[in-house]
Amino acid sequence: MTASLIIFFVLAALAVGGALSLIFQKHPIHSALSLIVVMVALAGLYLLLGAEFVAAVQIIVYGGAIMVLFVFVIMLLNAGIEEHTNFSKLAGFPGLLLAFALTGFIAATIARSTDTVQAAAQPGNMASTKDLSTMIFKDFVYPFELTSFLILVAVLGAIVLAQREKA
Amino acid sequence: MNAFLSPYAWLIITVVKVLLLLFIVLTVNAYLTWFERKVVAHIQSRWGPHRVGPHGLLQPMADGLKFLFKEDPTPAGVDRFVYFLAPLLALALALTSIAIIPFGPDPLPWKILGQTIYLGILPPNVNIGILALFAITALGVYGVALAGWSSNSKYPLLGGLRSSAQMISYELALTLSVVGVLLIAGSFNLTEIINDQTSRYGILGWNIFPQFLGFICFFIAAVAETNRVPFDLPEAESELVAGFHTEYASFKFAMFFIAEYTSMITVSCLCAILFFGGWLSPFPATWTWTYYLPTVLLLPAGLWVIWDGLRYETIFGKVILPGIGAVMCILAIALVIFPGVNNYIQAPFWLLSKIFVFLFVYVWMRGTLPRLRYDQLMAFGWKMLLPVSIANVVITSFAILRWGAIK
Amino acid sequence: MPILEHLWIIPLLPLLGATVNGLFGRTWPNKIVNSVAIGATGLSFLAALEAVREFFLLSPEQIPWVRQYFSWIEAGNFRAGFDLQVDQLTVVMLLVVTGVGWLIHIYSTGYMAHEGGYYRFFAYLNLFMFFMLILVMAANYVLLFVGWEGVGLASYLLIGFYFLRKSAADAGKKAFIVNRIGDFGFMLGMFLLFRTFGTLDFFKHAGAGGALGLFDKAAPLSAEAMGHLGTLTVACLLLFMGAAGKSAQIPLYVWLPDAMEGPTPVSALIHAATMVTAGVYVVARSHVLFMHAPTAMLVVAVVGCATALFAATIGLVQTDIKKVLAYSTVSQLGYMFLACGVGAFSAGIFHLMTHAFFKALLFLAAGSVIHAMGGEQDMLHMGGLSKKIKWTYVTMFTGTLAIAGIPPLSGFFSKDSILLSAYQSENGGPNVGHILYAAGLFTALLTSFYMFRLIFLTFFGKERYDEHHVHVHESPKSMLVPLAILAVLSIVGGWLAAPAFWGKPDYFAKFLEPVFAAPGASEAGTAEAVVHALETPLAIVAVITALAGLLAAYWLYVKQPSKPDKLAKFFGGAYQTLLHKYYVDEFYNAAVVRPLMWLSTNVFWKAVDVSIIDGAVNGIAEGITVVGDGTRRTQSGNTRSYAVWVVVGAIVIVAVIFWPHVRPVLGVVR
Amino acid sequence: MIPTNYYIVLSAILFGLGVLAFIFKRNIISIFMSIELMLNAVNLAFVAFSQAMHKLDGQVFVLFVIVVAAAEAAVGLAIIILTARNRQSLNVERVDLLKL
């Protein structure tokens, strides 16, 4: 039971707990906060895995930008407790069953397939951000450009959608 | 004893460090308020606080007590959890950000519990110092936003909305404006960034010269991030009563207050470190006489304090001030006597003095500048600051491509 | 050699004219329309002349001259290209089609001047020219068939030109359907030929990588080789079926007389000069095959002869001027087939040419008469026109002399050579030839009789119409000039063959020799002497018969105009039979049309279409409705349900990708 | 050191929870958040594998995923704002114009 293992379990517990509370919280703001918890925990896990840069980006972008956006929108729309309607028959018990089935299925698949990976599991050697950047700007430059384009499109789309049409 | 402690030494040391830093920061905060009030007062040709203690030096204590013992009502219909969470969040994040700042290059000359002690909480080899800092500042917005939302009241909500929008907007500029520096230094590590600015000509090596544009952007964005004048719309008295913390009283309010000032300090540290060579002396290393500047500053100051204290009728004045003065004088003399100490002092001295300068600028701006209108704020952020910082990045990268690392 | 390299220009010009007129002519004044049409046709006539000039410069081994322009159908080893060819036969057809066609175009400008749909008429006419040229220039059966169908279409359009008149529309339909029957045979023939020879190109050409053409393959075969296994015979008969359809032979001739519903120039161009001779052309074109199929030859000969006689008899009693000409056309076509049947292809083509001249002339003249009479077609209401419309009279009389076979007009030579070769043929028995000859001779008699009957009824005797309504007037120049030219042609057209009489070679036959040489050589060589022996006497006999017909007509219709009715009463039954064209139409109606109608109505419509096809379609629709009703339940519009469906999909995908043994359960096969 | 499977299983669990939330939340924004949760779970798996295999590709992919998520959030939230404006409700079960 090394220190890192303890940290892992703490963070994992945090993440799962956050996810659960995301489900069980009635108010979107609380859900958002729980999600933030999950994200921070994940960032910690990334640090544990030696992916500092990803961890930082995770917090900056997810925690600092995306979730803020969520909170902002929730505040803007002044969303209240979500009303408990049950129009969808399917999303009741069968949905639950199916979701569990999917989870089990995926878990089983992974369990089946990761034994190959297991052997390779190594102490997380800190991947230097330089290597990451070279990889992005050399091997993945086209995807990178594409994503930047995607962002541009998204910005335009958001503006067009959100602006009130002048009557 | 050692045998028992050593496994947890790092833990103990860290805790001690944290407590120490916490104490220092809080004290500095307290006296920062005093300093601010004084300066603003003098800008407006007033006296400022001068009743409590000599020159109102005890005013911060009084304020602190007031905060502690005031009644703490919780408004009806607030979302309790979030309402309590918000100030904690704000304060915690603000304080955490300080923990990443390194205050000096070399560890203490002697080991404690077999650990080398660095000035600063994290060891200097943290690769993502600046990134971590940004991460924390990024989260900082929640304190304000949640506070505004949870108070279940109009003005705070508006304040929260404003601040979250403002912070998101300016965070982009903040981050981008630093990229130039990072490109030059080629590292996220604050220590490395500072060391990168060393040069034979002292001040000429600082990033402020190649990155002047970046500095301007950074500073403006940072001020906006800390919700300070002229970007203090979230708490614009004239429009929103007190903005997001309208509904907060007593110590919760104090938390926000401390958080704000702490982030001021952080930003000042960052400015100093990123653009003004951190703990580097502005003079070439060959000018050894500059090592005596601390002494030269301390000695007269100490003497003045003694003299000034003796002018007081009150016991306090007669006793305390001269005491402080004496300490300062002794310190000055000690520095002359022990060159080792003197050398060791240099780095922190310069860093702190730079930080002080920036804090003064903060206060100065508050004393002089008017507040922006909200749309002006947004327009400025998006249409001015962001493009300029992006341009800065582009220019810098091209320059580096052309001439290699600058200087 | 510009034009020979670009043969496509010749047919393309009329198509151009057709397109322009058809698309834009509507709003244009007649002048522009007809100048476009005539220009197009005239240009292609000139092009054809130039082509012929260049053709004569070719060395014998360059003939047939074949050019491939683009390949149109390519499937496996089958290639049907847009290939045009020129050889002597083509040259003749080319000149006849373009030349006569051009003249008739000019004539039409006058004749159609006061008709509606002027632009439509000329567009159709040009279209016809285009297809006809394709037909005669095609270098393979497929392209030839395109032209074949195209002229059918054009003739349909033109017969039904006055489509508001039910009779016209019906006639058009009749022509189309009857032709369809023939085309059916033609197609079968093509398929059979392809199956047998593996190609439908006529001759080999460089373009096809030197692959042998149909005829190249067929020529060297010994008669037995193909004759015994009757494939070739069958193929030829099928081809002949098509030819019979197009060229109005028994039993498919019924459409041609009705086709007279179309404007007269049309009758002249399509139903006398060019299109109806396409059948003859095809038979001549594939003479190599026919030569190897004696049975088929015999059939052709017999059918041709029978048609000639049969049609002639009907022609005796017709009173409608155009009907008479129509039946005479049928019988003349019969002559041509007779010629082909007895292996005298050059004679057949020769008659084709001369017939094109004088029959076009006759029709145009008839048109002029009708024009003069203000639309009157019944000869019983004419008479004594010779003084009123001299030019028409003169030209028409020339044409009549020509067709009757009075020397030295063209008809005499062509008909004479046909009879001669018929007399000589031993195919199918010693005296078959003589029987054919006799029938042909008798037909000649009838021909001259009814033709002169026509002349006398129309131009002689006293007027049988009232002066006050009809004021007879001569036709405009634009109509008379072509008449004159054609008259000249039908006089001199035959002289190419004249030298045969004083022992010189028959130039026309000589010219066509290379085409028909392969099989024709044998009998040509041996029978030289016999020919000369027979030439003169047969000619004299023919002339005598012609004169006899003339005199009979003269005696009956000028001397005693009352006699014909008496005769009609006397031979009541026969007369009625002839008048009703042997009741053939009625017979077809009863034997073919009604049963077919009944079948289509009660079986194919009521049973098959309604119950089976519609049933299937509606059934499918019903099924889809049911399925849709079922599936639309899933479209609850509730996002959460959709979310669940997404999950289901995810499960399936994971299963398919990662769990191979689940795939069959999900019906995924990989 | 921590075996990779731990991370993977954790990510599977998170993903499953995300799916649950995806199905059972009624508030559009919450549903959106659950999607983000699933994305995060996947990211975790990516990083874990990249660390296990000593390849950086995984991390690069995570970065891309984050970028895409950001874009998605921008557009999606804009759409949500529109919906809320027009339908006066954030409950997905009230937004059912597709129903026949």
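List of remarks:
Labels A, B, C and D are assigned to the chains in the order they are written; within every chain, residues are numbered from 1.
Rule of thumb we're sticking to: contacts are C-beta pairs under 8 Å (C-beta built on N, C-alpha and C of every residue); 3 or more make two chains touch, one makes a residue touch a chain.
Every value quoted in this text rests on a predicted model; they were computed, and no experiment measured them.
Once chain A is excluded, the chains joined through touch sort into B | C, D. A centroid comparison over C-alpha atoms places B as the chain most distant from chain C.
When every chain is reduced to the mean of its C-alpha atoms, the one closest to the centre of the whole protein set is D. Chain B and chain C have centres, each the mean of its CA atoms, that are 106 Å apart. In terms of their C-alpha centroids, the spacing between chain B and chain D amounts to 36 Å. Chain C and chain D, compared by their mean Cα positions, are separated by 78 Å.
Annotation: 83 Å between the Cα-based centres of chain A and chain C. Residue positions 53, 65, 69, 74, 76, 87-88, 91, 95, 98-99, 102, 106 of chain A each touch two or more of the other chains.
Residue positions 19, 23-24, 26, 93, 96 of chain D are each in touch with at least two other chains.
For chain B, the set of residues touching two or more other chains is empty. Every pair of chains meeting the contact definition is listed here: A-B, A-C, A-D, C-D. Listing the residues of chain A that touch chain D in their complex gives 2, 4-5, 8, 12, 15-16, 19-20, 22-23, 28, 31-32, 35, 38-39, 42, 45-46, 48-51, 53-54, 57-58, 61-62, 65-66, 69-70, 73-74, 76-77, 79, 82-88, 91, 95-96, 98-100, 102-103, 106-107, 110-111, 114, 117-118, 120-125, 127, 131-132, 135-136, 139-140, 143-144, 147, 150-151, 153-155, 157-159, 161-162. Within the complex formed with chain A, the residues of chain D that make contact are 1-10, 12-21, 23-27, 29-30, 32-34, 36-37, 40, 43-44, 47-54, 56-57, 59-60, 62-64, 66-75, 77-82, 84, 90-91, 93-94, 96. Contact residues of chain A toward chain B in the complex are 27, 29-30, 33, 36, 40, 43, 52-53, 55-56, 59-60, 63-65, 68-69, 71-72, 74-76, 126, 128-130. The touching residues of chain B, counted against chain A in their complex, run 79, 81-82, 85, 127-128, 131-132, 134-135, 137-139, 141-142, 145-146, 148-149, 157, 160-161, 164-165, 167-168, 171, 175, 186, 188. Listing the residues of chain A that touch chain C in their complex gives 87-91, 94-95, 98-99, 101-102, 105-106, 109, 112-113.
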